[in-house]
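Next up: some structures, all given as structure tokens.
Across the two complexes that follow, chain A remains constant while its partner is chain B and subsequently chain C.
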Partner chain A sequence: MFPSLFFEVLIGGLVLGLLYSLVSAGLNLQYGVTRILNVAHGEFLMLGAYTTYFLFILFGVNPLISLLVSGLVSLILMLALYSGIFRIIIKRSSSIEELEMETLLTCFALSFIFQNTAVILFSANERGYIYASQLISIAGIPFALNRIIVAIASSVINFVIYAFMRFSRVGTALRAMVSEPIGAKLVGINASRMYMLSLLLGCILSAWAGSLISMMFAITPFIGSNYLMIALVATVVGGLGSFIGGIISGIIMGYAVYITMRVISPSLTSLVLYIVLILILLLKPRGLFKR
Partner chain B sequence: MRKTNKGVTKLQVAIIAVVIVIVVIAGIAYYFYHLPATVTTPPPKDKVVFGVVCAQTGVYAGLTQMFTLPYYQWVVEEQNAKGGLYIPEYGKRLPIELKIYDDGSDVETNLRLTEKAIVEDKVDFLFAPSGAEICFAATSVYEKYRVPVVLMTIEVDDLGRAIRKGDIRYSFPVYCASEWYAPHLVNFLKFTGSKRVGIIYPQIRAGIDWAKDFYSEIKASGVAEIVVYEAYPYPTEDLSPLIRKMMEAKVDAAIACAEGPDSILFVRQSIELGFYPPVIMSGPGCEVPAIDLPIFGTEALKGFMNFNEYQGIGYSVFRQNPGLWKWCEEHKRRLGALPFTNALLPYLGYKALLQAIEEHGLNREKVRDALASETFKIDVYGFEVLFRFRPGEMGAEILNVKTGCFSQWQGAEMPEIVWPPEGASAPWIPWRPQKG
Partner chain C sequence: MPARQQKYIYPTIIAIALAVAPLFAPRYFISLLAIVFSWIILAVSWHFFCGSTKYISLGSAAFFGTGFYITALFGKSLPIFTVILLGGVISFLLSFCIGLVTLRLKGMYFAIFTYGLSELLKNTLIWLETVVWGTPGRFVVNLDIEFIYYIMLVLVFVVNAFFYLLRRTRFGYALKAIGESEDTAEHVGINTTIYKTIGFSLSSLFMGVVGSILVTRWTYVDPRMGFSGLYSFMPAIMTIFGGIESKYGPILGAVILSLLSEILLTGFKEYYMVILGAVLLFFVVLLPKGLYSILEKISQKFSQRGG
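After this line comes the complex of A and B, so read on.
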């Protein structure tokens, strides 16, 4: 009993955590670089989920291949939003506080617009499809294959983005913008380009998370709101702007949720999650990985 | 000659005053009592306006799109095709117009807009909003302004209690709440020989109501042992820990008092994890052909049950009745899929409201009384259905069609009704692994 429960929690929590980390990574990157708390982040997730859903249903496109399309669709949308809205607000804001406030309100409005446009376009019905639902056994514990695929895909995406951030020149510039924005500008980093890049990367990550989620769950135009909350908590726990912090806090949250549901009591899941949040804020006010 | 005192004593003055006051009051009362009824001509009217304050946006927009607004539009279109609603005061038919407001899935907004619709916009009648919480809150406004309303998406125990106590008189929910189903569940478990029951539920009002009523009824009956009884946060991304708990506890009857998305998640993860207890059932969401068939298909769902079927009609019963089947086909034409098994009930409820208005005019009080007491003969594409609201109780009744409360997917494009036996359209089959 105990070893099987241990392996189940170990793998089940990791699968959930990797998904959470993918959802939160994009939000964290966007906020870290631009100070834009994109509360419409979940709507890019929703867009990715619908793109994958329709590609699968209408053309039989493999959900993993559809990641390319969902990423492209959200990139185009964010490009339009950046050019038409965010660039203007960033340009005219005289302080970080003003930028944060104005973009926060704008993102709320965008979230509302996207949700309701999706209701009109796709209807509010739950939609879904069955993909890789067969069971596979890991350490004697059965798991649905689609969950394992999602976990592996999330790990690969997170690793690639981490490597990009850590080892590429652009990634270094992005990190510089997070930790020392004024200094970064002084050494010649093009801030506008970095803002745009972080917003684009963030929304692509969100759309990919949505595409992966559509393999496992029914989707609705409101699915993004559920994940936004998780992303926000993971971002705060990991440290605002800390990419690696976002990934690790996502995994911690996945374990917290799974262990509470499986071992303690499912009704306490939200409570445990927010107690973890409060404890971390008390002990490390800037998050686990923010220096 | 003796001089007499002609003066009036104070007592006499008081008596005279009292008599005068009494006479005056009696006179006024008599006048008003026997005041001839003033013959007033109703103000000119060229249409009957129904207000629909419901969610066009927000979380309940889906309910509006699928379950409320299309039905309002359906009955209104049918009525207008007949030339409109006959209004006795005017002696003619008037077209019905729907005046639609968006409450944004917000209770406060709904209450404000409902008052606006009644007081400022002076709508004649109202159709109900979407979502149990909003419907429940709106019932207070209907009481305040005495507007009879037929409600669909509300299955709240508290409403049933308020209706029984007579506190709510103007709200006519077509469905029943969980307390009504609980005794049926016990009998069903007895029938299937289930001994180990698992109940999971989301931490929202509907889920808690369902689970609490099921739990206490099963416990009190002693028919089975409840080996898993767990709540989960709503919304949720993963029910596998709970399903695994039920697998470990070897439950032979799994009940998820779930709602919409988590109902679907429960079906999906049960299949994925190979969880096949003989009895498995869920709440709203897993019985809707429009949602479930595109995701799962008919085969994978075979054996899965739904307990949210107050006065549900099984696929075979619909199929065998030309009028009812024609109605199903019209449903498919309008909404893109066959109906869920108890979808006829709200349709009949709205039809009954229109019929009551045709009979009693725009007098809301009389319309209310008619809804509360009359049995309506409603033509459903050539088949006459006898329909009434249960007097002093929650829920309506179809009197001349076989109906039941638990449905089950059995490979057709709509579920069958399997319980109670007198309402069953097909015998119950155990849940079993899908082929392949």
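After this line comes the complex of A and C, so read on.
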């Protein structure tokens, strides 16, 4: 019995972890570059999930193809929010603390608005569709095919984002904005373009995670908050603003959540999350991966 | 009449009117006022610490909920005033311990920590209730609404006077100095850790007291009610809406937003959070100094014209 549980946890935790790292990579990128802690990040995930759901239910669009649409929808929304709200606050703030606090409150407000607009439009009922649910067996343990698709898709996205951040010129500029904001501006990096870019990239990642989630689990207007909380914990564990740390700690969180759910007790899942958050903040507030 | 005495006329009239209100006002009105009072206390307490030090706490629910659950646990076995006192004292001690270890966290980290803390307490209690004690919630002792009303009324005046006076002491100025620049405050010899911790605990004390009284409005409660995120966000939202820089800001914000909430919750429940979010968004983006700053400008204009 033990080896089969081991393999199940190994793969199940990885699937969750890869998804979490998508969400937390986006949150982390946004915070690292702009100093905006986007607590409305989860709502972009919810939006992506509903876009994919409706495209599948109404038009039978393959969820993998609708990733394009869900990414586009949240890109347009974030573009509107950036030019209407965030750009104004960024320009106006005289200090980082002021910017952080004002945008934090703004994002809470946005989160209230999106979540409850979704309740009004889509109702609070759980929704779901069936896609690629046939069981395939890996090492003698049955897994639904959609889990495997999600794992592959999210590792591809994670890898592409990693490569983009590591090797491309724009990615390097983004990383420079995180580690040396003033120096980056001095060497001629267009800061406001980087702000916009990081917000857009972040919300696309979140929307994609949402689309992938809708393939496996039922969705409600409130799923955003759950994933936001996990992403926030993963981000704090990896260190706010540390991009690679965010991806790694996303996977760690995936295992932590899966093991708690599967081996210990599902009722303890959120308790474990918050204990991890509090302990990390108390012992290593800069995150595990920062020296 | 000398100006010094004139200053006290309006508060006295308001106090007398509120004190006799239960004699003729309908019960619904009294219970509504009691709720408004409790929000005023929460917002003013939040404002005292977070407004002066600029440490934004999103964990008021942790202390409100502590008081809330103390009454839920002991309300039937101990006399009510003991329980209320206990709620305040335990919130104070809890936040004192938390403050000592966490107030070195700054800005974002402090906000995340306080939010995480209230969620941690909530989830621990949910787990205790459902798994260990085997009940989803518990029945609480009920108090007469007029009794709640009078306690809240007294508390509103006590809390406002207390924080008003405290602001004018060495202690209050020290907190303000920390908010202006913590490094400078430390350099001039202020023990920032102790001052911040005590300031944080004093504001939590009253949140605990409010929680331990307000819980008696319900007959059956569970941890989700006491530690609801609403109690974490609303004091912050109300203060910012009213104006974080003025001592009247939180009162103004609490009165307007709690009345608005009451109207929206009875008539348009599903639009409540959307409208609340929109109000907050509007004020943070366009009027970051809050409603009180506009009122101040208008009154200045009038007095200029008059003089």
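The working rule: the second predicted complex is superposed on the first by the 268 of 291 C-alpha atoms of A that agree within 3 Å, B and C clash if a C-alpha of one lies under 4 Å from a C-alpha of the other, contacts with A are read in each partner's own complex, and residues count from 1 in each chain.
The working rule: a contact is a pair of C-beta atoms (placed from the backbone, for glycine too) under 8 Å apart; a residue touches a chain by one contact, two chains touch by 3 or more.
Just so you know, these numbers come straight off a predicted model, no measurement behind them.
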First, second, both or neither for A:Asn116, with chain B first and chain C second: both
Partner chain in contact with A:Pro142 - chain B first, chain C second, else both or neither: first
Partner chain(s) touched by A:Gly128 [first = chain B, second = chain C, both, neither]: first
Partner chain(s) touched by A:Ser267 [first = chain B, second = chain C, both, neither]: both
Chain B versus chain C as contact partner of A:Glu180, first or second or both or neither: neither
First (chain B), second (chain C), both or neither touched by A:Phe217: first
Touched partner set for A:Leu16, first chain B, second chain C, both or neither: first
Where chain A meets both chain C and chain B, residue numbers: 112, 115-116, 119, 265, 267, 270
Sites on chain C touched by chain A in the complex: 54, 56, 101-102, 105, 107-109, 111-113, 116-117, 119-120, 123-124, 126-127, 130-131, 233, 236-237, 240, 270-274, 276-278, 280-281, 284-285, 288
Residue ranges of chain A in contact with chain C within the complex: 31, 37, 85, 88-89, 96-97, 100-102, 104-106, 108-113, 115-117, 119-120, 229, 232-233, 236, 240, 265, 267-268, 270-271, 274-275, 277-278, 281-282, 285
Touch list for chain A against partner chain B, complex: 8, 12, 16, 19, 57, 112, 115-116, 119, 123-130, 133, 135, 142, 144, 146, 213, 216-218, 220-222, 226, 257-258, 261-262, 265-267, 269-270
Interfacial residue positions of chain B with respect to chain A in the complex: 57-59, 61-66, 200, 203, 230-233, 235, 237-238, 240-242, 244-245, 260-261, 264-265, 268-269, 271-274, 285, 290-291, 294-296, 300
